[in-house]
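One structure is given below, encoded as structure tokens.
Labels run A, B and C following the written order; every chain starts at residue 1.
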Amino acid sequence: MDWWRSLRTQETTHSRFIGMLSLTVLTLVITFFLPPVADSQLAGGAAIAIVVLGLSWLTGWSGQISLGNSGFMAVGAYAAGIWAHHHTSTPLVFTLILALVVGGISGLIIAIPSTRLRGPYLAGMTLAFSAAVTPLAQNFSSVTGGEGGLFFNSLVTPKWFLHLFSGPYAAINANAQWSADLAVVVAGVMFFFMANLFHSRTGRAMRLVRDNDVAAELMGVNLARARTSAFVVSAAFAGIGGALYSLLQASVRPETFPIGLSITLLTLMVLGGIGTLSGAVIGGIIYSFSTNLVAHVNSLTGVNPTSNVGANMQGMIFSVLLIVTMLFAPRGIVSLKTPLRRLFRARPLAPAAKEVH
Amino acid sequence: MIRVEGLSVNFGAVKALRNVSFEAPTGQITAVLGANGAGKTTLLRTISGLVSPQSGTIHLDDVALVGMATENIARLGVGHVPEGRGVIEELTVEQNLRLGALSSKVNLNEGLEEQYARFPVLGERRRKYCATLSGGERQMLAMARALIAKPRVLLLDEPSLGLAPQVTSQLMKAIRKLCETQSLTVILVEQNAKSALRIAHQALVLHLGSVVAIGDASSVADDEDLRRYYLGVVVT
Amino acid sequence: MSVFLSSPLMHNIFAGFAQGIIYSLVALSLVIIWQSTHVLNFAQGAMAMIATYIGMTEIDRGIGYWWCVIISVVVGMTLGGVTERVLIRPLYGKPEINPIVVMIGFLGFLEALAAAIWTSTTRNIAEPFSQIYFKSNGHLVFLSSFVIFQIVLAMGIMLSVAALFRFTKLGLQLRASALAPEVSRLLGVRVSRMLTIGWTLSAGVGAIAAVIIASGNFGLFPANMDGIFVASFIAAAVGGLESPLGAVAGGLIIGLTEQFIVAYWSPDVAPLGGIIILVIALMIRPQGLFTKNTIRRV
């Protein structure tokens, strides 16, 4: 594929590497100061950020939309889960790569009939896919564990890491933080990878596909292949993100990946800023701390969190945010001139999506 | 009567119309001539409210049209046959005509009779989908669809485009006749200056959005320089 | 004859047809919106669900089933019109994914709102007709008054919509506005009003489908239209999103296919069946099985 070549010829790969490395290290340092609960939340957010980034690439760069990424997450999670369930001693890297590949393949299968479709057709098709995945997992229960799911324990905290902690809750602290650090490192690698993709020839060609498919075709871009490959990359990111997400929970179950998760992913992408690395980071952070945010809103408004209204507060807030952002600031938080922007080195590495086509 | 004063329209950096002023009197044909990109279509679209001008005014008798919605301008009696005719191919001939009559107070059946009498070929094809019509038939349908609402003003955007010379001259004669019998105000946009000038009362020449000449059709037709530089026709 | 009517095959055909006609109805409502505004309304099912909650559970049932149906439809139509004005109107001329995203947000909002107000548990609405199967010469015929009600009402609505578009002035203006908005405005058609009317009408059709669904075994819960929306979208896409007739046919095809997969394999595989049909349909005719002209922006 083109991007392999362009990845190496990029002169600025080096600087992007340094940038991503420092961001990752900074986050790792932060995890040392967070309580275990926050560490776990951060870990989940890192996994979700990977998925959001993959979706952001698909939408922001190739101009396609997918409501199927929760389905691709499920595929990756089951691939990793089934493997990890049976082969407890496999190195984590292998399990994750497996999820990446299987996720990508599932993306290819969906993409081949879908790339002829655009906009609403594609969105509907991918929605139908993610609606079909969960029942399928239930149907093939001998492999997937059905309703009850599969359990595995792949994220074993190494001895030396345990020794860094002391006190009565040392083990809990160490485990939570080890998980978070792993997730952050995986996210760092995937973000570095995507940063390079954004800046590669493939990335530029993809922008052209999005903005002016006629021109792209005239310049020799094979539209169907470009759209398909964008889909595959997005699904692979969802696959590895989904796998990481379930490895963190040490289990995978059908209900972990409801259709609603696709909507959440879309919301996070739009909120952060479509087509940008920093937007995906922001999306991940919002996800990490969404429960705290919602608890805060509940207490501000005096809503009982265990009441009906309280239980559905998150759904209502997220959807209203999605609508309002799309109507009034379709480029997301990264486009707002706030201190946040500078904080997350948010001069987006890629030019922010003007408008998504 | 249509009165345009100081009309300017910009599309970003492109100045499509620059300070255009003229009057199109009732019962007369005003030909608007000029090369491709001169701003002719933009002028008609601005009169119909599809484009909002940067400055200037347009009056239909005493009613100011700028700022009014297109459908309300149409309901005031401004019939617009757009560039490319705008026949809705997925509808039948009669459905297109009915659509033209809907927003006016005319009696639908009488209107249909009248138009079928005027353009017999449309009567023959009333149940046919418009996708099957020829260029000339489409032009007739577009005219009939505008006329069925009994407009006071008729804006015609290059009606001769794509038509054979004989059809064009028949069409021009029909326009002249209409104008005389119904005391219509006609603004006729044409690149085909020769045939337009033959029937027009007065003519206006646009060049890069500016009016470079305005006057009697005959004087414009006789102006050697205008013909050579702006109209691209050599009348021998 | 009665043995044949009570065979498993006929049972599946009746059940598939009854389910399919609901898909047809929702697919038709999607086509109406698509034709008038080129938006695929992802919140169509959720809007209908809200209308059903308001009409069928909030209102004092002393006024009777049919009044509640009418209230649901009126609420649904109002919601449709307001949605077009408030959420969709600002997005005309914007990239086509913007309205998709907004309507997905609206879908999430309506479902969360319904769960917050009415809880997520299923409510059963007293059905207007019996669900007991008929008997013929001692054999069960897999038709009940309710199934017949469902089929007759759905067909009646579809025929009314067809008549509206074919025979009325309003229908002509709706079609023209969708086909050629600018030309329509030049002819004096109030196009923006037509768009609102298109959404209103479509939401009304959707509300009737939701009322029928909620009145049956399926009951009413916040996400009860999700699966129906997906199947109906597939139905409409199989027909090409442009063709009302295609939507109706697509709905029946999907309904029957699902029923046979459920009967002979497993309900868990049924959603996949719809996707496979869509893929096959796209391979045969990418522009949709029932779309006349071959040019479509896909």
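Note that a residue touches a chain if its C-beta (ideal position, glycine included) is under 8 Å from a C-beta of that chain, and two chains touch if they have at least 3 such contacts.
Quick caveat, the model's predicted, so the values are computed rather than measured.
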- [ ] Find me the chain with the mean Cα position closest to the mean of all the protein Cα atoms on display.
- [x] C
Open item on the list: Please identify the chain with the largest separation between its CA centroid and the CA centroid of chain B.
Closed with: A
Open item on the list: By raw count of C-beta pairs in contact, what's the busiest chain pair here?
Closed with: A-C
- [ ] Would you mind pulling out the distance in Å between where the CA atoms of chain A average out and where those of chain B do?
- [x] 56
Open item on the list: Report the inter-centroid distance (CA atoms only) between chain B and chain C in whole Å.
Closed with: 44
- [ ] Quick one: report the Å distance separating chain A from chain C, using the average Cα coordinate of each chain.
- [x] 33
Open item on the list: Where in chain C do residues touch two or more of the other chains?
Closed with: none
Open item on the list: Considering only the defined contacts, which chain A positions touch chain C in the complex?
Closed with: 59, 63, 65, 67, 113, 116-121, 123-125, 127-129, 131-132, 135-136, 138-139, 259-260, 263, 266-267, 270, 308-309, 311-316, 318-320, 322-323, 326-327, 330, 355-357
TODO: Mind listing the chain B positions that touch chain C in their complex?
DONE: 48, 50, 69-71, 74-75, 80, 82, 86, 88, 90-91, 95, 98-100, 102-104, 145-146, 149
Task: Complex contact set, residues of chain C against chain B - done: 169, 172-173, 175-176, 179-180, 182-191, 293
Open item on the list: Show me the residue ranges of chain C that touch chain A in the complex, using the header's touch definition.
Closed with: 34, 39-40, 42, 87, 90-91, 94-98, 100-102, 104-109, 111-113, 115-117, 119, 226-227, 230, 233-234, 237, 241, 266-272, 274-275, 278-279, 282-283, 286, 297-298
